[in-house]
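Inspection log for the structure reproduced underneath, given as structure tokens.
Per-chain numbering from 1; labels A, B, C, D, E and F assigned in written order.
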């Protein structure tokens, strides 16, 4: 099987990071994964949600949205519909959980960092791009808090990145584009840290199923992809804080 | 480590099924998994959602809700809040995907079956109990459609059941109760069919991570639990349609 | 005229009470009135709504809901619609007023008891069953507050129960089932206490009217039915707190 | 006991009707009952709600609202809150039921008449004034449909009017003003037709109760008040269609 | 061109003010501009919105609504729709800005005055009538605060009034009625103070455009109309506080 | 007075246009006006809103939104709040009216073009940048419809652009940045076409006023700015359809 864009089965799409894409946010990037483009910003405020009040602990939360014409056909805005779809809520919760796993919330102190992931153009893998890019925005914000003396200790534990894998016409593939995702029998999103540990596995066989052997192949592809993404994250942070 | 209720690490809670728990639904059960109690009903209507119109295909959808005092403390009703929480939407979507995998939607014809899962009492594992019980309600409804001659061919492909597994204080456990779930470092919901294939894996290390070896142990526990649950499903259906 | 279920005109349906139907609530029953089934739970919290702050007075409030398949055809959930119907709000307000009449809110102290009435199966008379069952759940909760020493004085004044009466094809009937209610020219819900005093009368001639003589007959039927219901309430409470 | 405005216990407040208060509606009045002022308009459209489609039958529905400063203190608009309160829905449903009882919906044909009741100033009895005034607007609209030849047969069966009665400091009173209503142990709204038959009785002892003897006294007061109101309705309609 | 109601191009409609139209509000008028009728009430509370807390400054805000049958055809209530339309929000914001320009918010002290503008009958120019009438209600409320000693210094700076102007079939006109507004190529709302200064200009050529020369003519018409309206305002206030 | 960025009083900020910023929309640009950045996309569908059905006429509508961190401090998403603010609705209506004035809706045929304006970074003038950029996206979409043969006749009448002007510390200024806008006594948004005619004037003296002489100065500044903007629009379109 030949992939539309000639990629090998274990080859992820090209990733491009534009740092400080917007000027006001404490950290921000435009992440491009192939034709998928997401603006990720990290916003810091010195308070926490009610359920964490007076515990000396911080919080990371995420919001996700698509511009109405990020897709082939225009979608109605959720602000116009007056409510968030189940898909949006599920993605926001995933991104939040993933990014909370990369740091020690106690060391963050009583502050909340909100990661906004706004999809400008969608060609598959928007939620995993949001996690991978969101991590960079988050680390930028945290490093600046440290530089400013607002944080005395670095709360970061490990890089976190995410990738999709799936089975298309019986073939396991790394990093599905939209057309691949549309045709996939199985679609799986994997979030891992730099030690190769899992933070999240979400694998769905929509109107289909997969065997234990297929699962093993998919996990191996994800490990490879995520290792490459974490390398990119580290290079970007290095250039930003040492090189620039 | 001793579990609160003395269960072994690979021992699921006792499951009790009350068939035809309500009289109006085409299929209905009360499923009790330990202290967790869920009413699952299957309601059939002869129309499909707009996106499936005129395709000769059916649809399975699910709704999930908790009575306000299903839990230790009373929760506000989502009808009073005026919107569904992200958690509810995520669970509904999961149940729907899981149950769509158990049958051939083409053979179902242009009808929709709604599986309502209403949690009367919650002690962990409400979403997996909803899938396991929802499958029985669904099969009851479909068998009755066949008995009435409304369906000429059986659209069912395979039983589907679900169970939670997790890691508590470093120990992998099958079928977490609420106190175990609350303490768990890793929480995973697995949906499988009777052939031992995966339909869905959702594994989250909330503020934690897990290794590949731990994942393998968890998957093995889930396989055991789901095989036992499917045996119970088959026995119940047999008693209902042959014995009663 | 013969009633479908062979009952005499002044005969109420069989009533069955399952006490402590759920384990977490301070008081709970499943009340069955013929085929109508309602779970009533009483939940106690140590605060009051804003309009009662700092008055040393308590509050009783009620919420009412139907499972989507409690009825012949499936109804859309109000949580999915995003708002409560007028019918639901009217019933909730009625149950709340009825149960506030059974006790001295000053003696209750600054606490709120919420009575949740969730209809599992509906065959007419769900709002009156909610009041009759809700009273038992409420008394259970209050007696336990007294047992625990949280209340020094018993705030209960009198039992409260409710029943529907109506005119079907010119005949006054006690305790209408759904088919009778559907055909009724006049539908009346009566709430009374154990002294035979009225707490609420709601009598509607939907597209019809009724004379003073008919009203008198209906009130007499209601008195009989409510006296019988209060006897059942007293027996259940006695068994629970003396016998069990 | 002397009433604040010197009325006798069985004396209703002065009623003033301004016909055709607004120019666009098919029928409209400003009804003033003491200091209570309600604009009632009847709007006719040639279609019916979905549940009545193709049955050759019409429908009467009502909406009720208060201007924010109709009361002593300003209330938030329900349009700003984004939802109707339970009180508003209950009143709308009452007005609709009451006015549907005054005519033969089959003879009305496939049209809907909406009665809008907007309270300009509230001094107790706004829902009963809405029914009494709403009837006049409705009859005006129907007579004009007949004059225009749109209706061949008069669907009206009987005048309908409403009044409140209640018990204040143990004394039964006709037509409560706001201060009386506020102090009332028992508050009852009665809707009757010109034959002296009941259409609706709603009697609530909020945190109180009432005996059968008290009920009889209240019903007698209501009969007297409603007979007087129907006389006023008839005079107004006569002046409008014969005198003007 | 002859205007439907025979007015000259620079002639505004007759204006009628009924002061203290409702009894509870601190200030209230019914303003009639031709067939357009708006009830304007001013309600005073001793607190300010959160963004003004502890600044020793007051606030003026406005709400606008139409009765459903204020217009030729009945409109759905915004309370029933569950949200305010864009048109309503735009008008409310305009009225609020216009009336805030007539006084010194510092001298008002920490209180909020809400101007409610409820359109009883709409024949064009409802938003400008709301401003003109709202000013009178506001001045009445403020003068009474001064009389009661609640305000030591008069915060009012200048009268404020508003009028619409427009171009219909190429002719510039003052104070458009509904039929004129409907046909207008250009529709402009002007708010001015008694010194002839502008507070707001909103001029829209819906599917049309206008030249600089036309703009100048429109502004001159508006100046004339507003001067006349301010004279009426001053006379009403004088009669109210000196004559009555 | 020196402007923060050293501009002369009649000097607009630098404008940068990135054409086809997203790949799916029929027309799209990123417009940058100083630090203000807005993505404008034009989406074409072959149907019209209900009020235009079967009239052979098209429609242009606009939606406007800000990314939560487009501003100095993070704003809550309107999708999370569940409703659009008054400000957003007002801006959307303005952009829609402005762009409908640039073309003949009859010649557009039964299709709707939606202009989405998503603010990535906000430094004042976001609504005027949306109109100026939205026009380019709209013309790109229309020219492509013509190229594809979907439109036989060009419906475009004239370029349309917009700019803000205002009075800051008594000085009239062209194209206010955020800090200037924040300090402005008067804020005015002007929309004009290439013939120098007005489409919209919105001039507000928030808690302030302005004289006729000041208005004249402001209008002159706007004319200059808009002429320059239209020149840029023409150059971009030329490069796109002739040069590229």
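In the analysis below, a residue touches a chain if its C-beta (ideal position, glycine included) is under 8 Å from a C-beta of that chain, and two chains touch if they have at least 3 such contacts.
Given the structure is predicted, the values throughout are model-derived calculations rather than measurements.
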{"item": "Of all other chains, the one whose Cα centre sits farthest from subunit C", "value": "F"}
{"item": "Interchain centroid distance [CA atoms averaged], subunit A/subunit C, Å", "value": "51"}
{"item": "Between subunit A and subunit B, centroid-to-centroid distance (C-alpha), Å", "value": "29"}
{"item": "Where subunit C touches two or more other chains at once, by residue number", "value": "82-84"}
{"item": "Pairwise touch network: line, ring, star, complete, or other", "value": "ring"}
{"item": "Chain ring listed from subunit A, with subunit F in second place", "value": "A, F, E, D, C, B"}
{"item": "Complex contact set, residues of subunit F against subunit E", "value": "83-87, 89-90, 92-93, 97, 100-101, 105, 188, 193, 195-212, 215, 219"}
{"item": "Complex contacts: residues of subunit A adjacent to subunit F", "value": "22-25, 28, 35, 39, 41, 43, 45, 63, 65, 67-72, 74, 77-84, 88, 114, 116, 118, 120-121"}
